[in-house]
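What follows is a group of structures, each given as structure tokens.
Both complexes shown next keep chain A, but they swap its partner, so chain B is in the first and chain C is in the second.
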Partner chain A sequence: MNTALKIFKYVLYDVLRSKMIIIYTLLLLIISFGIIFIGKDVTKAVLSLLNIVLLVVPLVSIIFGTIHFYSSREFMEMLLAMPVKRKNIFWAEYAGLSLALAAGFSVGTGLPLLIYGGISGAFQLIVSGVMLTFIFTALAFLSSVKNKDKARGIGLSLVIWFYLSVIFDALVLLLYYLFSSYPLEKATIIISGLNPVDLARMLILLQLDVSALMGYTGATLQKFFGSDYGMVFSVILLLFWAIVPTVLSLRIFNRKDF
Partner chain B sequence: MIKIEGLKKKFGKIEVLKDISLEIGNSSVVAVMGPNGSGKTTLLKCILGLAKANEGNIYVKDCKINGNSAYKKHIGYMPQYSCFPDNLKVKEVIEMIKDIRGNNIVYDTELIEKLNIAEMYNKQIGQLSGGMKQRLSCAAAFLFNTEIIILDEPTAGLDPLSSEIVKTKILEDKQNGKLIIITSHIVSEVEVIADRIIYMLDGKIYFDEIKEKLYRLTGKENLNKAIAHKMTSGETRGAEQ
Partner chain C sequence: MNKVIFIIALIALINSVNLSKEITVNPGESIKNAVSLADNGDRIIIKEGTYNESGILIDKNIELIGENYPVIDGLFNGDIIIIQSDSVTVKGFSIHNSGNRGLKDYAALRIENSACCNIISNKLNNNYFGIFLSNSSYCNVLQNEASSNAVTESSSGNGIHLWKCTNINVKNNTISGHRDGIYIEFSVNCQAESNSSFKNIRYGLHFMFSNNNVYENNVFSNNGAGVAVMYTKNVRMINNRFENNKGPNSYGLLLKEITDSYIERNTFSYNTVGIYCEGGTRLLIANNNLTGNGYALKILGNCTDDTIKANNFFANTFDVTTNSTFNNNLFTQNYWDKYNGYDLNKDGKGDVPFRPVSLFSKIVEETPESVFLLRSFVAELLDMAERVVPVFTPESLMDNEPEMKAINNELYTQYN
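Showing the complex of A and B:
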């Protein structure tokens, strides 16, 4: 078996048994069951869950990812003193952590939706959540390998999350306000690609037929993202968001002093 | 067995290792000593490939370290602080290391018994005390019968009995032709087990002597006094050369 796979197995055991992952999964299960049970409408539940997923999944992934990286530093140091290539240790840590987080999210959100009948939008919600988990874990690793100091690493991770989840939307709104007299429908498509959270939101919303409420811009977005071409474009962009920070982190990790 | 030529290492603008050169053969216990921040751990980390040298070369068993990891199969390492994932069981940690090192290696199971590792086999790492973690870390360093063993403060945090077991193991391994490199602040411990003292100060080797020769040169009969004499007399390695 490949060395990365051997280490991955133990990293996965470790993370899946951590209290944080268990609490995360249980919390998502309670929230999902609660929303479906109270709303008595699974389509509305997906919409409500969407807002939670877009805020909570990136936050948990980036903060837990950063904390995990710093607390695994000495363990990685011990592994590096063995005949193991650096890239194998990196991939094992990244895959072990992101898959454990993705499993926690899939069980916590997917299981209630499955029990109450899989509907349109639920699949996209799970896929988007899993993709966001991989993306924000990669960003967590990038922030951790760049900073030796734990407090600075966690700080940078929080700034990244805050920017992509809150500030970015405010900047887009400002942009729309300043250029309100110009047609910005096509620009919206490009701008949404600059933020994985917006991309995930778009991907789910446009499957729920609520784009009709979004006016002409919604129609343009529906036309683009609702098509097969648009779907492929979104998935490629989300993959790009996961791959680029991972590759950058690996490059830094390979040269890093422990 | 280990040869270092003109090793320099910087962390940012701070030069931590300044032109270190030395050669270490087998069948010996070499103690790397010096005050905090003198570069002891960085030197060990450079040998282990954990820190990358800015200049100079390191050879382990005539093989130049150049970003490869294969040479590390000859090295067992015990870090200063134990470092296994909290949610793994002790037996899983040992299995993992066996998986990585390869299954065709002869294990020193006697040490596992002596350090009472078996009694904590089913416990999670997070449930172990600091001393128990150090015992496990120590067992992991010696378990695979490697030719070179690097121990960073090996007895710090160990109970007296485990500490004695480790010291005995070090001396046994030396008899078996292995090279053991240790860092320690406990002079009495170094005095018993080390053959050669490398004293580092401010990123340089202040002196590098065979223990007996050091006693002879300083006219002192204990290591503490011999080191103090060397320090006050200002005889450095460079001056001798």
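Showing the complex of A and C:
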């Protein structure tokens, strides 16, 4: 465990030294401050931040995660030559990177929200952003351990991001159109579990667009996700989305021939 | 001699008017008894205490005054006070437990075929109907508090019920926990003013076939389905607040077959649907604030010649939705917080028209489940594309002169 901690420290140092994370944090800070303090009303500000959380955070996490994995490949190979457990190396890498990214996001978006204070949905926004950081870093690692070639790895990561952010929702819309004569309220809850971005969006929207979601079919969603039970369910599902890719990539990493 | 007789008769007449009796009723005595002893013009004072009585029939013009809110408990036996005479005043009572079974609509206070009655400062609790006026005119219903604990629509009554009345003034009342807070049916020239109607299981205010009525300065909040105005002409709805009416069948204001009416300076906030308009003709919807609603304005295809002017649309999920591809209404000079246009000539009006109906709202209208994709990237992409080239949304439904800044509707309120 001690070795894992040591490696974790080095990874964290490495990530911070690359300055990417600092630029990311500063960028988020500038955007968030701008949106919250220059904009006329706060509800709209949260909606703009929602787009950042749902699009930018996953994109940065997955791309930066993939690039980081490939660039620290030599470092990992060096470590593997030492009497260090592979598991420890992997966890240290994952924890170092995802925690750095999550911290960057929390400071970049959380600080302005905290300073302004009292914005409904702010807490959900931060929780969702942090969860999405963990999930997309895990997906980045999965795509990296799967591909030896860096270009292919980054390509796959981009495809994953594009699928979860855009294509999935378009497919869902198509599904709704094709099966519009069937009751799809319950199916919607299952569908939402298939995409962490949608889950995160649901979590935040329940704080912002309650009035609209209370409408005709929205009521089912509201009833489910709005209850404490549904809240716990979505957070557990998000955790699941982070853990499964991590464990999968750890298994591949353990057997990988470097 | 004739003169003397005339003077004596005159004095007698004046005496009979002025020397009206005052009857005092103490706890343990009967109000019914006192009413039967009273003559026209008498005043009955009821002392503080509890009176278990019901079916108190008032058929002469007397005043019934309660001291320190004496309790009249109907013990669930039918109507409690029935007024069948003109110019009756009932003031300062606490009236509980009217009958609630059977086919008849039992009420705490029933006014039948009377004129010029005053129902003032009564506290009505746990009654089937609170105050029921039928076929009456020129009555005042002021400062009453009616609360009940309605569970289902079929087993509960209305707070203040007007049926076939004219010139009734309903003012400063507080109504909660009934079926409809205030129900006005077949009544003309009535006013509902400064009332507060909340947590009623159906409508806060319900209007049917009642022309030429005014309601202003009321607050309707947390009602099962908001406020409904149906099959009516010439209604003036001014400076009311419609708040927090949330649910699958909930509206701030539900308009159905309304003509020539005014909806001005109202506030609609945090309702599932702010204004739902079906078959509205020649309506003026002006200077309202619509804030934080799911659907601020749902205007169906059968609405014609309506003017939607100088309203503030602010932080609503959807501003305007419709089920039609045509538009027969005028949208002008509203403030839309979603407007992204510019104002080069600095006249305060945007130079590019604003189309408030988004494609995504249209999709939600057709397949309600797709509300799940609200605010997703795909939904915004569709909206953006539609805004550039409108194909599915009504092309003429647009505001040609959108305001660049929110309109200060409070300014108008001050004149009220």
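A few notes on this one:
Convention: the second predicted complex is superposed on the first by the 249 of 258 C-alpha atoms of A that agree within 3 Å, B and C clash if a C-alpha of one lies under 4 Å from a C-alpha of the other, contacts with A are read in each partner's own complex, and residues count from 1 in each chain.
We adopt the following convention: contacts are C-beta pairs under 8 Å (C-beta built on N, C-alpha and C of every residue); 3 or more make two chains touch, one makes a residue touch a chain.
Note that the structure is predicted; figures quoted are calculated from it, not measured.
When the two complexes are superposed, the chain touching more residues of chain A, out of chain B and chain C, is C.
Residue contacts after overlaying the shared chain place A:R152 against neither chain B nor chain C.
After overlaying the two complexes on the shared chain, residue contacts for A:L47 are found with chain C alone; chain B is out of touch. In the superposed model, A:A170 makes contact with chain C only, not with chain B. By the document's definition of touching, of the two partners only chain C reaches A:R201; chain B does not. By the touch criterion defined above, A:R251 reaches neither chain B nor chain C. After overlaying the two complexes on the shared chain, residue contacts for A:L55 are found with chain C alone; chain B is out of touch. Once chain A of one complex is fitted onto chain A of the other, the partner contacts of A:L184 are limited to chain C, with no touch recorded for chain B. Every residue of chain A that touches chain B in the complex is listed here, in rising order: 1, 3, 6-7, 10-11, 13-15, 17-18, 72-75, 77-86, 255, 257-258. By the touch criterion given at the top, residues 40-41, 43-44, 47, 50-51, 54-55, 165-166, 169-170, 172-173, 176-177, 180, 184-185, 188, 191-192, 198, 201-202, 205, 209-219, 221 of chain A touch chain C in their complex. Residue ranges of chain C in contact with chain A, taken from their complex: 246-248, 250, 270-273, 292-295, 314-315, 317-318, 337, 363, 366-381.
Here chain B touches chain A in the complex through residues 11, 45, 48-52, 69-73, 75, 77, 79, 81-88, 92-93, 96-97, 99-101, 124, 137, 140, 150, going by the rule given at the top.
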